[in-house]
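Here subunit A shows up in two complexes: once beside subunit B, once beside subunit C.
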Partner chain A sequence: MQVPDDTQTSLERVLSYLQGVNPQRIACFPLILNHASRAINVPVAKCIQNAELFGKAHVATYRRYGNDLITFLSTTSTLAEAMGQKMDFIEDDAPQLADPLLKKLEDIERVKIPDFTCDGRLPVYLQATEYAVAEVGHEVCVSTVLAGPFTTAAALRGADVFVRDLYKNKEWVHELLDLCCQAGLKFIDEILKRKSLPIVVEPIGSASLVSPRMFNEFVTPYLKRMADHIHANGGGLPAVLHICGKTKPNWAPMREADWDIWSLDAVDMAEAKAFAGDRVTLVGNVTPANLLKNTPDQIDAEAKTICEKGMGSPRGFILGSGCEVPINTPPQNVDALINAARRYGRFKE
Partner chain B sequence: MGLMAGKTSFALGTSLVCGFLGAGKTTFIMEQLKSTRGRTAVLVNEFGVLGIDGSLIRSAGVVNVVEIPGGCICCSQQAGLVESIQTIAEEIQPDVLLIEPSGIAEASEVIKVLEDEALSDVIRLDAVIAIVDASTFLEFSEPEAFGAFFLDQVTNADLIVVNKTDLVSPTERQRVAQRLLELNPVALAVETAFCRMETPLPSKRKKGGRSFGKSEPGMECVSITPEIPLSEDQLEKFTSAIYQGKFGQVFRAKGFLPTPDGGSVNLQIVGRTLSVTPFYEEVRPRLILIGYNLDGEQVSEFFKSNRKST
Partner chain C sequence: MAREREDILKDLAESVLNMNEDLAVSVAREAIKAGLDAFDAIANGLVVGMNKAGVLYEEEEYFVPELLICSDALYAALEILNPHLNRENDQTKIGCVIGVVEGDTHDIGKNLVKIMLDVAGFEIYDLGRNVPLAHFVEKAKEVDAQIICLSTLMTTTMDGMSTVIEMLKEEGIRDRFKVLVGGGPISQAFADRIGADGYAGNAANAVRVAKALSARVVAA
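Right after this comes the complex of A and B.
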């Protein structure tokens, strides 16, 4: 089957959603993070610690694939890293958390609101963002991604200890979440200053880890502050939230947090569409592991099914990967995903 | 150069050891290492606290510990797990593999990865083990206490090690046992203190099924995965075969068997008492027989022959 040509730029396509009109075809957001290093043939660790390489990698990725969103993120622990958490950098993989900063409750004194000019790799993120906005910002939407307060707090404490804290040390958890939220709001301001779209990811809020009751108590209030902040300061930009894994049990408290676009992973897109109604634009959700191991034809078939389920969502539907495109994904599989949006994401005249 | 994973002459016997923080997973593994014969590899994913438990286990000195990156619980991690297991099978070539995922991992998700086609000739899943802390279990197993991970570990286990029973009263022990029975009526539950079990985990499949050694002197326990659905007639043939002693002397049988309509039934046999009830939750098919002189190969054969006739 022939792939129809695009008649809009990526930016025009994405702006159509914001204007409430149908684009020529749906947009496609493969969440390309560390896979971007492949576009310039440098190891992941080198790419994500150098602003020039990080920026060039994502611009080269966009030029190679034509993805409708550039996403600057190497790990969900970036904000935690800038707040004092040590990381282990692996030569050709995503960095991993070293020993948790908050081994004892009183270690919360060690958590700091970062200085965005020098702490962790925040300057790398922000300079890379500036480069991409200058280079291709007129034709594609550039986003800079940060973890939500709940995920950042879990990174500082160690996720399993943090999950137990939700039970045993509630007040302390709220104190920590407030600090992480403050840091996140400042990061959002820095991203907005650079004319990039802030996207918040909150994987530790997955229903695998927290129940709806816990989500309502520990996740919703802080995500709501972030969404409100973007609405108040973003100049009309939508608030975009990604939570990977299984989220369906937590959709009701997620909705209370007032995000405009949900990027979802292990859910049925038809069910998500029914729930989202006219309040939320949906993004998703080709299985990331399939992008790594399946054939382009299989990717096409999976994406087609998802388009059939997601198209017609009142606030719009965007084809995407459920979570990060695995680093070693064959490029032809990313092509297959984006071509599926061209083939199956068209609107009747 | 090591063997190619797909060409190893036998699949690597593998046990998955799940349990929330503080339940005693590391203690359990160290206890097992004392009695397991041959070379053991332990694959650790501590999700943010890499190396701590790995160091403890490594200090036992008889194992290879491989840590895989933590980070996100989804997607890319699955590929990492498959690759790590392939590397262990090729390069370390142990006799036994123990996988200790993060305390907040969903067992069902890890099992899905272990059942990936890429690992079909590489490993053989002998047992899914959940370690629970008897002193916190009742509180933590309340609905909405945590996300899905906590109960998922229990409901997917073949063997539940109820640890720290020395810390609770006999009444609480009984309540824990009752709750576990409600959550997972087919698992074998063993009470321990300091994770000390009388027998080691299997290093070799027992006659076609998983074996957890002996649950009491002389008694055996085998487990198989019944992948094909059984019609009512076939189920009756199966239970008759049990009563006729075709699989050995079965005292107890329990499991979830798939049915042709896509659902499953909970089979329970205690002595001569049989109960078959529809089970509406999504469950992994499995069957456990407890008794003497059990022949798991015959059980597997029964399901194979019924596959041919369906």
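Right after this comes the complex of A and C.
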């Protein structure tokens, strides 16, 4: 089957959404994170610890695939890392959390608001962002991704202990969330300063983990602060939120947090569209494991179904992966995903 | 005056269901004082509460924090009751080796499955997280387990599940074990493709699948 040609740049396509007009075809945001290292053939750990490689990897990825969003992120624990959390770097995989920083409640004294010029890998993220914006920012949207307060707090404490704290140490949790939120707001400022789009991911707020009640109490207030901050300081940029896993039970409290674009994972896109109404632009949600394991034809079929469900969403629909594109995804599967946007993401004249 | 058995059992169940660890411990002590059989208190009190929590979890009334705190209450009460168990209550339990496959340290899902299988009466051998694949095979042989449960949240490590199955085949012992897989990126299709015996999408379902698989083992 013929793949229609694009007549807009990625940036023009994405800006159409903000201007409230239909693009020539829908945008496609495969969440390419550590997979970017494949575009320059270096192991993941090397790529994500070096600003030059990190930047070049994502620019090379964009040039290879024509994805409509560059996403600088290697792990949702990056902010926690800069706040003092130790990480284990794995040669060819994303880093994972080492022993939690906050073993005892009083360890909260050890949490610091990071210095963005030197702590953790923040300089790597920010310099790579600068490089990509300078290199391709005139033709594609560059984003830098940070974890929301709830996810950062869970990384510092250890998720299994943190979810118990939600019942047992509520005030302490709020104190920690406030610190994580302050750090996040500063990160957002640094990202905006570099003319990149800040995107917030809050995987620990997934309904695969926590209830709507907990989300309301511990996630919504801080996410709201972040969305408000982006709205106040972003010069018209939308607030973009990604939450992995199941989210449907938490859609109502998510809506209270006032994010403009939702990137969703394990949901039915038709249900999401019905819920989003004219308030939210939706991104999603080809199953990440399928990108790794299925054939291009199967990817095409899955993406087609998702487009059928998502197209016509009043605030717009963007085809994407439900979560991170697996590191070892065959490139032709990413092509199949983006081609599906070209085929099935067109508007009637 | 000591309360009735039914009242004590009901309180044990409710203390677990309502995440009340202090109450679970004090009622467990009361049960011993009142001369209740420890096995009775566990099977018809604590476990009833934990199973109800599992139902609420499936109905999306409870989520991960609630289920974990219910299990904290359960295990705290078990510490009181276990020393009082009579040997004759020992049934032959079905052995189940469980762990998160090599390269992955996300273990909340695995821990939920472990708790629910434990409550359902399986003998659990928890290898933890980031488990070298050969360890699953070695441990299953060593303890003569019937079920091997493999968990992962990551797409980079999911193929390790297939490797474990291949290892079993190479040793000619594939038939001795039922392999149950689960975790974020895992699906029934993936389970079928790698030749696993079962897939479970959540902890409550894992118990049903494990029971069905072990029933087949017994029948065979």
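Of note:
One rule holds for everything that comes next: the second predicted complex is superposed on the first by the 349 of 349 C-alpha atoms of A that agree within 3 Å, B and C clash if a C-alpha of one lies under 4 Å from a C-alpha of the other, contacts with A are read in each partner's own complex, and residues count from 1 in each chain.
One rule holds for everything that comes next: a contact is a pair of C-beta atoms (placed from the backbone, for glycine too) under 8 Å apart; a residue touches a chain by one contact, two chains touch by 3 or more.
Every value quoted in this text rests on a predicted model; they were computed, and no experiment measured them.
After superposition onto subunit A, partners subunit B and subunit C are found to clash with each other. In the superposition on chain A, A:D260 contacts neither subunit B nor subunit C. When subunit B and subunit C are set side by side, the one touching more residues of subunit A is B. In the superposed pair of complexes, A:Y167 makes contact with subunit B and with subunit C alike.
Looking at the shared chain after the overlay, A:E190 reaches neither subunit B nor subunit C. In the superposition on chain A, A:A154 makes contact with subunit B only, not with subunit C. Residue contacts after overlaying the shared chain place A:I90 against subunit B and subunit C alike. Within subunit A, the residues touched by subunit B in the first complex and by subunit C in the second are 88, 90, 93-94, 96-97, 159-160, 163-164, 166-167, 207-211, 214, 245, 249, 287-289, 292-293, 324, 326-328. Subunit A makes touch with subunit B in their complex at residues 75-77, 88, 90, 93-94, 96-100, 154-155, 158-161, 163-164, 166-167, 203, 206-214, 244-246, 249, 265-266, 287-289, 292-293, 322-324, 326-328.
Contacts from subunit B toward subunit A in the complex involve residues 20-22, 46-52, 69-76, 78-79, 102-104, 106, 109, 118, 139-140, 143-149, 152. The residues of subunit C lying in touch with subunit A in their complex are 19, 60-66, 68-69, 72, 103-105, 107-108, 111, 154-156, 158, 184-187, 190, 193.
Looking at the complex, you find that subunit A touches subunit C at residues 88, 90, 93-94, 96-97, 159-160, 163-164, 166-168, 207-211, 214, 245, 249, 287-289, 292-293, 324, 326-328.
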